[in-house]
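Next come two complexes, and both contain chain A; in the first it sits with chain B, in the second with chain C.
Showing the complex of A and B:
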């Protein structure tokens, strides 16, 4: 056996060792290899996940633990499944990230793709990290709401209604004696759920229209732009009032209205596509004989993805505000379901006596929307297509 | 003219861009970017196309490829790949070809772009860029395609492991080589090179030019070489066409153009060629005024307001593009009688 053969075997054995370590505990493989930052990041995730699991177990709220208690376990299934899904993802992610990093460090010429450059730049941008942090916290709260809440989101305490913040109810009680903190925790589900789904619809509809209009120009573009102008010329609240009075208020109505009539992204995507389609590589693809669908999917879309992502994050923020505004006006989510906007509306009458009813939901809206906005802002810088 | 080995024959090709104005977007005028041009390219030769910026060189190239729809005219192309059994070639009019024929023709006519920075998709790896033509035309797939891409990269002087990289990791010259590899992928007969070296550093220009010459020999390619740099054109072309304001004013063998120009515009253009001799005192012919607008070209001969030999006839009568013998074409009333100054080289 030659010397190089021997070295090769030693190296391979060490690599195998690291993989096993990573499977034992996510991040351990990274730390052994000397990638401290990444390893510690995985450990941080692990600690957070462990914390959530601890809370859930201590309160007996994992779905099958709840059977023994007198409560119905159905409300815990979603959170429980997500919790274990997150653990699986964490393990797999650590393993595959380690494998990719080891391979990348082995190859002589390390190839850096666009997304690697983007993530490197993003990790150096405090603005984006703060935004992402805020959004991650809100998402965690929304997904694991039943673990965190004390179970008093709907339960009324008619003796102590309007009680100020105390050790038992950190953010006080509302006018029906419901816990404000619990309502805020569950309210995050409404905000993110409606905001997220509506934004998804916005991007599907608006993105499609913008793509078609921007790429084909001419008649389709003219028709799409006129439709957008007509929709934009109708006052949004009047439109919502009309539709709510026809279909009745509710989560579905809200999502549909926001999703279909929030066509703002269409214009931004159209303008981006308009500039991308003039690039020489589009012409080159046509010269090669590539079909239109391929040009759109392989050449136009990947080069417009940056602004698409920015618009998406910004739109989520806007939609959360709109949902809160509509709930405030009474066109939103139906009363017993906790939502931040509806909480503000209730708080109106008690502004002088019970400030906690208004301040905390208001702060939640502000912080969440702020998180999405600075993330969008940071993405705009980080995803700059001219980056090297 | 002999017709036996003509690969591409362009007849009366026109490309007008409408100028729209007002609320109703009515067409008020046309930009005559390519205004009735005739030329042919023989198999295996390099035809240079020169002219100042805005004279319609690029538009001519793109209209021939039908990346732009021609307004009028014919572009007859002798395709070998479309030939039926027993035929050596099939003659197709690119200007009126159906979508299907056009797609098939893409395998025979390819293009190299001027700007190596915008002609490569920044989100695709080099392997994907060079392999795309093979994918689109279902020429090769999987392992075979990868091998073919490696071959292509090697033939333009790049390494196989460059395949996995992205365009931004390469220099201008390397990027232009990637563009050439993409054009070669389908083994075309004709390549329209749209100022392939003008965006490059002078030291790199020579490398890329020599590579293009080597490739021409290796793959028996025919080039339509668009450029504005006369020294580049002189180096690479067998024949040269000079364009002015959407028209070809002169077309002849390269040597002939430089020694015996027949059009006053060519003469002026030639006098701008730098001579590598510090003692040689050039008397440059300075053209007065600006290039006229192609929306509203001058009457008669388009060049008459700037021509120092212009006579009354030039203001009213448009000269005809005619053969002066020996494959020398010119668009000037006095092409036979003027004695113009040739360029001094070396």
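Showing the complex of A and C:
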């Protein structure tokens, strides 16, 4: 047995030990290896997850624990499943990240990939981290809403209605005696859900139009651009208001209308594609006879992904504000479902007596949208390929 | 532009034809007999082919004969009665926004990465994140309900149909225009900052500095003018933002402008007012777009239109 073979075996055994440690507790393997920051980050996630689990257990709200409670446990299934899914993801992620890092540390690398540069730059940008933190918190609240809320989002307390903030109801009660904090917690689901899905549709639909227009130019581009101009010429809010008033308010209508008529991304994607298609590598791909679909999927899209990410983040913020505006005008989410915009609409009548009804939902809108905007702003800087 | 305008009328017409609610019944009012509804339906020509109806709507708008369904007045009269309120609101908001945002944007670009810059960029990001209607509500709460120094809502006294001519009207104008200007302020500050940074990178700025000009001369004479060109031309493109913001601000503060009118008309299903007003807003946007294009050539001599 040569010396190098022996070293190899020792190294492999040490590696195995690290893997076992990582499986025992995510992040432990990283810390043993000396990657403190990453290991502590995993521990932070672990603590947050544990905290959520603790709250859920203490309140008896894990789906199968809740059978004893008076409410039906069905409303807890989603959150419970997500909680355990997150745990599984955390464990797997820590394991595979460790494996990847160990393998990467064995090979000497001199060139960093684009995404490596991006992630390193992003981790040094306070703006982006703040934005990501805000969004993470809002997402957590939305996903685990039934764990955090006291269960008074819909339950009316007709004796103490309009009660000011107190220890039991930190943000007060609304005009039907429903807990404002609970309604805000559940409202985050509506805001993120509609904002997110509508933006997904925006990107798919707008991306399709933008790709066709930008890549093929000529007649299809002219037609698409005219359509965009027509839709853009009336203020977006007025158009959406008009259509929602025709089709009837509701979550599905909102998502579809915002998804189809939010054509802002299409224009940006088109201009991005227009510039990408002139690059030499597209010419090269076409010269070797690659089919159009392949060029679009393998060459145009990946090179436009940076601006797509920025647009997506910003669009979510815009959609959340528009949904809030529509709900405020009474054309958004139907009343019993808690949504931030609709809460503000109710609050308007009780401005003189119950300021808490108006202040807090608005703050939530601002913080959430601010998170998306600041993240988008940071991504724009970080993803810019010219700055290396 | 003509194509776009035609497309817009078509889009609106299709939308209105799918609107639920019988316009004849709305016009007839409550307690109308089926016979009278039928008479109105015939008078409105709801049984005519669609292109005839479309043509009647367009020609009615052009010659001013189209009647509003819920006002017993021509659509144009209704719009024109409400227009001054929105114009003064929009102009006040825009002036306010420019007075704050241009200096803020310029300063934050000049003192890049200073605390001032961070303050301005953060405030601007906050500005585009704040829903205008919530901002209006908060202003009403603080200055109207708690401090009692400004009227909470409404338009106040007017002179010749304009409220900025009277003290009372001016006091009423403050809250809606400040609320409406918040978004514009943020947008313009970001734009000014970006454009100033771009200009400061140009070589003629280096040249100006290299030939020994004082920094103030470099900034005022060489940088400002070039940096402001995109900002000035962009004002025209913000007409759409203004209208959308006006719908929310005017409904929140009970300001009787066209933003509130279109909201009320949608609620009342007054199709002719909605049609006229949406078309009016679209036309305003397109005209301002055109003006911007022309203005661009005037401000930047390198651009010519043949």
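Everything that follows uses one rule, which is that the second predicted complex is superposed on the first by the 373 of 388 C-alpha atoms of A that agree within 3 Å, B and C clash if a C-alpha of one lies under 4 Å from a C-alpha of the other, contacts with A are read in each partner's own complex, and residues count from 1 in each chain.
Throughout what follows, a residue touches a chain if its C-beta (ideal position, glycine included) is under 8 Å from a C-beta of that chain, and two chains touch if they have at least 3 such contacts.
On a predicted model such as this, the values are computed, not experimentally measured, just so you know.
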Completion exercise
Per residue count on chain A, the busier partner among chain B and chain C is C
Exercise for the section: Answer with first, second, both or neither: which of chain B and chain C does A:62 touch in the superposed model? Expected result: neither
Exercise for the section: Report for A:377: first if it touches chain B alone, second if chain C alone, otherwise both or neither. Expected result: second
Practice task
Mind working out whether A:237 is in touch with chain B, chain C, both or neither, as first, second, both or neither?
Solution key: second
Exercise for the section: Name the contact category of A:284: first (chain B only), second (chain C only), both, or neither. Expected result: first
Exercise for the section: Check whether A:355 is in contact with chain B, with chain C, with both or with neither, and answer first, second, both or neither. Expected result: second
Handout entry: Which of chain B and chain C A:114 touches, first, second, both or neither
Key = first
Practice task
Quick one: classify A:369 as touching chain B (first), chain C (second), both or neither.
Solution key: second
Fill in the blank from the handout: After superposition on chain A, the chain A residues reached by both chain B and chain C are none
Handout entry: Partner chain B, residues of chain A touching it in the complex
Key = 109, 111-114, 279-281, 283-291, 294, 298-299, 302-303, 385, 388
Handout entry: Touch list for chain A against partner chain C, complex
Key = 226-227, 229-239, 241-243, 245-246, 317, 321, 324-325, 328-329, 341, 344, 347-348, 351-352, 355, 358-359, 362, 365-366, 369-370, 373-374, 377
Practice task
Under the touch definition given earlier, write down the residues of chain B that touch chain A in their complex.
Solution key: 62, 65, 67, 102-103, 106-107, 110-111, 113-115, 118-124, 132-133, 136-137, 161, 164-166, 168-169, 179, 182, 185-186
Exercise for the section: Could you please specify the touching residues of chain C with respect to chain A in the complex? Expected result: 3-4, 7-8, 11, 15, 18-20, 125-126, 128-131, 133-134, 137-138, 140-141, 145, 152, 240-241, 243-244, 247-248, 251-252, 262-263, 266-267, 274, 278, 281-282, 285-286
